[in-house]
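What follows is a pair of complexes built around subunit A, which joins subunit B in one and subunit C in the other.
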Partner chain A sequence: MNFPGIVSPYNEDLLRGLSGHSVAVRVQDPADAAAAAACARQSGSRLVCVLIESDSPLSEIELPEDSRGIPLALAVPSAGRFRSFAGRLKHLRQFNLRVYLSCSRPENILSLRILSSVGIHGCAVIERGVKHWEEIADLMTYAMLERAHHASIEPFTFIADNYDPFSHIDWAFFYFDDPKSFLHLDIEGRVALSREDLAKERFVARNLCEIADPDQFPPIQEWLRRRREYFVGLHPCASCAGWKLCLGKYETSRGPECSAFFIEMIEVARRFKALRARNGEAQIWQP
Partner chain B sequence: MATVIFKPTEACNARCIYCDVVHKKPRSPATMPLRTLELFFERVNEFLAEKPLEHMEIVWHGGEPLLLGRDYFMKAIHFQRTHCAGTSDRIHHNIQSNLTLFSKEYADIFRSLGVRSLGTSYDPMPGVRGLGSKRDTNAYNRKFLDAIALAEEEGFNWGLIYVVTKLSLPRPLEIFHFLSNLSRKGAFTFNPVLLYGNDERKIGHLRITPEEYASFLGEIFPVWWRDREYFCQIDPFHTLTQTLLDDRRALMCADSGTCARSHLNVSSDGGISQCGRAADWGLLDYGSIFDKSFSRVFADPQKELLLERNTILPQTDCSGCRFWDICHGGCPLDSWSATGSFFHKSEWCLAKKSFIEKYFEPTVGAAAGATEHLQTQQPCAPVDKHSDTELLRSAEHSDTASLHDARHPDTACLQGAKQSDTVRPHGAKHSDTARPHVPDHRESVDYTWINPIGGLGDTLMISGVLKLVSEKDPSRKFNLVARTKYGPLLEGHPAIERIGHPRPGARFLSTNYWDEEDYGRPGSRAFQLLARMFGLEPPIEERLYVPGEFSVDPVLLRAIPWKRRNILFCQGSDSPRKQMPIEKWEKLAGLPAGRKIGIVQAGNRNDVYIRGTYSLLGLTSPRHLISMLDRFDAVVTGDNFIMHAAHLRGVPAVVLWGPTDHRVYGYSGHIHHQAEIKCGQPGGCIGPGAGDVYRTRCPEGVAHCMNTFDPEIIFNSIADLLKR
Partner chain C sequence: MANVLLTTRCNRSCPYCFAKSEMSATPARNLISWENLIYIADFLKFSGQRHISLLGGEPTLHPDCVDFILYLLERDFDVAVFTNGMLSPARLEEFASHLTDVPVEQLTFVCNLNDPVQTPASKKETQRVHRFLSVLGPWTSAGFNIYRPDFTLDFLFDLINRHGMKRQLRLGVAHPVPGSPGGSIHPDEMAHIVQRLCSHRPQFDSFRVKPGLDCGFPICKFSDEQLGWLHRFRGAVHFGCGPAFDISPDMSVYYCFPLSNFQRKSLFEFDSVEQIDSHFARIRSLLKAEVAGIYSECDGCMHQEEGVCGGGGLCQVLNRFTGEASVRLTEIEHELSRHRQPV
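For the complex of A and B:
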């Protein structure tokens, strides 16, 4: 395993210690994005993206000119009023931007679709406990099968591109929630395995130096073995026809809806594979 | 291929509830002593040395073979190197293990043995499989899951057997998806639990009936069928589909009717019996490696008993059964277990029949015409005692089976299988089984169509294989899809009923042997793969054939300036990568100067002319060229049609090989010059998945492997041939 990327708060001291790592820098204010990116690069890190975690809706966010060209993951609670930023779409499209919206709110599911249709790349954040599987299924089908030109909606586009009936697809890295891909630092440099662990201050190391070899680091090994436990314990998810795409992510809220959704996604991905003409589409960044 | 189920140990770290080894009286010694192990390899060598066309598959079995430890396997490797120096390329190892002890160390050992795929068994349900005397299922499952992850990391394929018990019956789809999710690229097979002797008392609660087993499969089959291209190889569905719809016979040992000629079991004490199951049940004991060679074992009269079933059953239990040729009465040991005699059908025949009729045919039948070509077969005569060409490869049937050898084309009793459209009502009985059914070809029969793919050389091989098919069973016929190139060579072939254009929905058999799984495997030859595709069991004599008389154009013959000795050069090939550069040919053509040796060049009109030769380029049809070959004292050629034609006509040849391998295509009796490949494709640039480069030039330029030949050395070989 390569050393995972690091999701770090924007702190010059912390970033200086991450030389040689792949880094996603967390900021709250879009105005800090350019400075955060510059700091990461100057410290010798490879910048994955700047993760802007804003409490404001997309319609109220001004992306500064100096953050053009920087890969931006913009997590916002909602899109806000479309008419507020409809006039700025051309401007927004000039950024290397992916908008993260939670699918716990049905209006966000619709917003992701609208944003996609006007050329803004999105990421549907499907949290545990989500209820609107039908709407998400529609969004997924749109993302994968809609023939009219539209921007990508992750993780669906990634899944469609990488669907392999004989393999599992883990797309948690889109949410920075896969310790094979990302570890999370708090402002003191303590290490958590996921965003949720970070929020709940469940740290696995006091600093990165304690993780010399991620392959051999017990908490990471344990995380990677979680999937095995579904099979050991005969968990119903292990017998689900949607497992190869879900991998138990929604076990706590497991029910017929999530199973049906992932089975449908498998079918749509198969159709997508058959239909999609690869004709040199522009590539937008991926973490 | 002879298959030895090799059980060097009966020790096991697990205690699976249905395992025969657990319940039977232990052998002594429980683990094979090294001296016996050494003798085993001496016996293997002795057998293969006696039969130069034969291969042997050794399936490491147990008990748990990984309990033997690294040193034991290293000793085995050492014994093979010491005692099988001349035969080891015909020894193939496979392993059946619970994998709970699998490690990187074992991965290295298995690679040394040439093992590419691991066979295993699994059942996640508590109390079925488990480690130690307490049958700890959780510990077993964790170790197993870690092992398959490691196996995939280390590049091994793996396949598992799931044994269907009473506990499985309520949840067929759950189990199916569970195993699919687990297996990803692995294969898995459902087998019914088999109970014998005291099993009923101990584990009778696990017993299932054939009907229950059929229903279990029937619940799963429609799901598999709908999405079959998205699942790994899942049996019995995959194999049945191949057999019934694709007309590619692939029967497990239990169904082949010929296990007697292919299988042996060697136990830890050196005892030999028919198979693992027979050994566990104390049946069909053939003696010991201490006092018998494998050849003698294959000649044991008890094996004749098993073969005799093929004569008796079609007249008794299996009379009129349209599934005879895919079942052959099932495993003889089932018959023994139920009746104390081998001369009855297995109760599991009912499961197969029921599954096909209730689930398989209704699901696929309308679309594919499914199994209507199955019909009552003429009883097969007992097969002669085994010979080099009759040893078949098949698989054990039960939890103790290996997946590696789980499928093979059946031959013994399928020769009479007529691929007729004649529809017979399901279950209809035949009273006239003594008389072969002769279908009216003109009206009702549409034989399987051969869709010939490949060059003219391949056509000669196909023709040879078809001749062998026809000699074995003159009633077995095929149609040939009309293609300009092949018709003139195959017209009048005894196995070809018609050359033309198939109707929609016709059954096809393509001849792309290079897509077979074994292609490229050491010792695997193109002719043998083709033979297997047509239901013959390798190894088989590699005899080429062209129907009709050979007649030479007298005008052409008179035109050639014959000398005392005459050599035919054939530089051309459809692939420029297989051609030696023209400059080298010209140098070669200049070497015999003054020796009264005439050189004629033959080939296509567009081939490059070799200066110094008499050119017949574009003047001969393939048939003409074949006909006149015997006028030459020797042929010098690359890997092309003439190389095969020289073998057909028995003309000595010097053959120049580069990106293809003489061990795969070449014939004994020819002198082969194999170029050393120094480019980035040590296996050769031409092969499966590289069809796009076949007709392109080698990008290596002067470093092209075919440019490394020394004309002087080639000429020395020609001189050797001419001296013979």
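For the complex of A and C:
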């Protein structure tokens, strides 16, 4: 396993210590994005993106000109009414931007579709306990099969592109929630395996130096082992046809809806692949 | 071209309304959803369309009407909104604050205006229309539906001048809903209608207003001189009936309002606009094979054969067929009986 990327808060001292790592820098204010990116680059790390976690809706976000070209993951609670951001779409399209919206609110699911149709890339954040599986399924179908040009909606576009009937797909890195792909630092440099662990201050190391080899690091080994437990313990998820796409992510909310959603996603991804093979070209437009 | 019905609700009751069958009082089904609008926009884009018309009912009654217009403009459509102009002050303010930066070439309100003498409205309604025109006049062209032979257009030229409206006037004839009585212009009245329309030529000329004819006018009722006059404004004038199809909030597709119950299908049954056009072309040719036009002279008419004239609107043709002709096509018979229309 390569050393996972690091999600770090914007702190010059911390970033200086991450030379040689792949880094996503976390900021709250979009105005800090350019400085955070510059700091990460100067420290000799490879910038994955700047993750802006804002409490304001998209309609109130001002992206400064100096953050053009920087890969931006913008997590907002909502988009707002179309009229409130319609005038900014041209401006937004000039950024290397992906908008993250939680699917726990149906209006966000709709916003992701609207944004995609006007050329803004999005990411549907499907949390555990989500209820609107039908709406998410519609969004997924739109992302994978809509023939008119539209921007990507992750993780669906990734799944469509990488679907393999004989293998599973892990797409948790879109949410920065996969310790094989990302580890999370707090402001003191302590290490957590996921965003949730970070928020709950469940740390696995006092600093990165304690993780010399991630393959041999017990908490990561334990995390990998837990996936096998589904099969060892004959968990109902392990016998679900949708497993190879969900990998037990929604175990706590497991029910017929979640299962139906992932099985439907397999079918849609299969149709996407068949269409692409027939047309010989990508179905989803990328700018 | 496609007409998209944002809602089937309307706040006006015109005596000639040929969309009545589409009007509904049940709120649950009469507003188009964002998802359906995006589907339609994608469908039209994929088919290479660049123009979209928003209709109702009264489309401005949809709470997201402004957002829809902005969205479709963002998708690079030219948008026409067919409205009666009776917007509440709050709604008008919403339109004014969000749409008055849009270039007039991209957005047109077609305001269907009724003669204040022949079709009187309440003072409040009239005030609302005037307020609408005073704010959005430069984005607006006038529309007028002829539903009685003694119509006049004088009041329209006054409004066009007073409010700086676009210099075009869409003229339609009130169409029959096949099998339903009343409210429409009879084919025998068409010659008189055309003469009366052309009597307004000095006003069209002096105010430089372009007349635009909707489907239903037969070419044979115009003199060569009148045709030349129309040609001078708009180039070749089309007297056929191949209107933009209508898409209702429940995603049904039909030929036009008067034929909304005839061979109605779901948009999801089609892959492209071309397929929809073919579907309706087939229906048109089926009907025209039975009855050529609204007059018996339409059969064998040179203009009909050359495709210059449709022999009146298809709904007028079907109306004649319904009342006068024997039914020979089982498909048509079935459709008509399904909707309990007398054959």
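Heads up, the rule we're going with is that the second predicted complex is superposed on the first by the 276 of 287 C-alpha atoms of A that agree within 3 Å, B and C clash if a C-alpha of one lies under 4 Å from a C-alpha of the other, contacts with A are read in each partner's own complex, and residues count from 1 in each chain.
Please note the rule applied: contacts are C-beta pairs under 8 Å (C-beta built on N, C-alpha and C of every residue); 3 or more make two chains touch, one makes a residue touch a chain.
Please read these numbers as outputs of a predicted model, since none were measured by experiment.
Steric overlap between subunit B and subunit C is absent once the structures are superposed on subunit A; the two fit side by side. By the touch criterion defined above, A:His168 lies against subunit B but remains apart from subunit C after alignment on the C-alpha atoms of chain A.
In the superposition on chain A, contact of A:Leu89 is made with subunit C only, not with subunit B. Touch criterion met: A:Arg81 reaches subunit C, while subunit B stays clear of it. In the superposition on chain A, A:Ser117 makes contact with subunit C only, while subunit B stays out of contact range. Subunit B and subunit C, viewed from the C-alpha centre of subunit A in the overlaid structures, lie at an angle of 100 degrees when rounded to the nearest 10.
Look at A:Phe231: by the touch rule set out above, it reaches subunit B but stays clear of subunit C. In the superposition on chain A, contact of A:Ala241 is made with subunit B only, not with subunit C.
Of all Cα pairs linking subunit B with subunit C in the superposition, the shortest spans 25 Å. Taken together, the two structures place no residue of subunit A in contact with subunit B in one case and with subunit C in the other. Touching subunit A in their complex are the following residues of subunit B: 124-126, 138, 141-142, 145-146, 149, 171, 173-175, 177-178, 180-182, 184-185, 229-232. Contact residues on subunit A toward subunit C in their complex (touch as defined above): 81-83, 86, 89, 110, 113-114, 117-118, 138, 142, 146-150. Taken together, the subunit A residues at the contact with subunit B in this complex read 165-168, 228, 231-232, 234, 238-241, 243-244, 270.
Here subunit C touches subunit A in the complex through residues 34-35, 38, 41-43, 45-46, 64, 66-67, 70-71, 74-75, 98, going by the rule given at the top.
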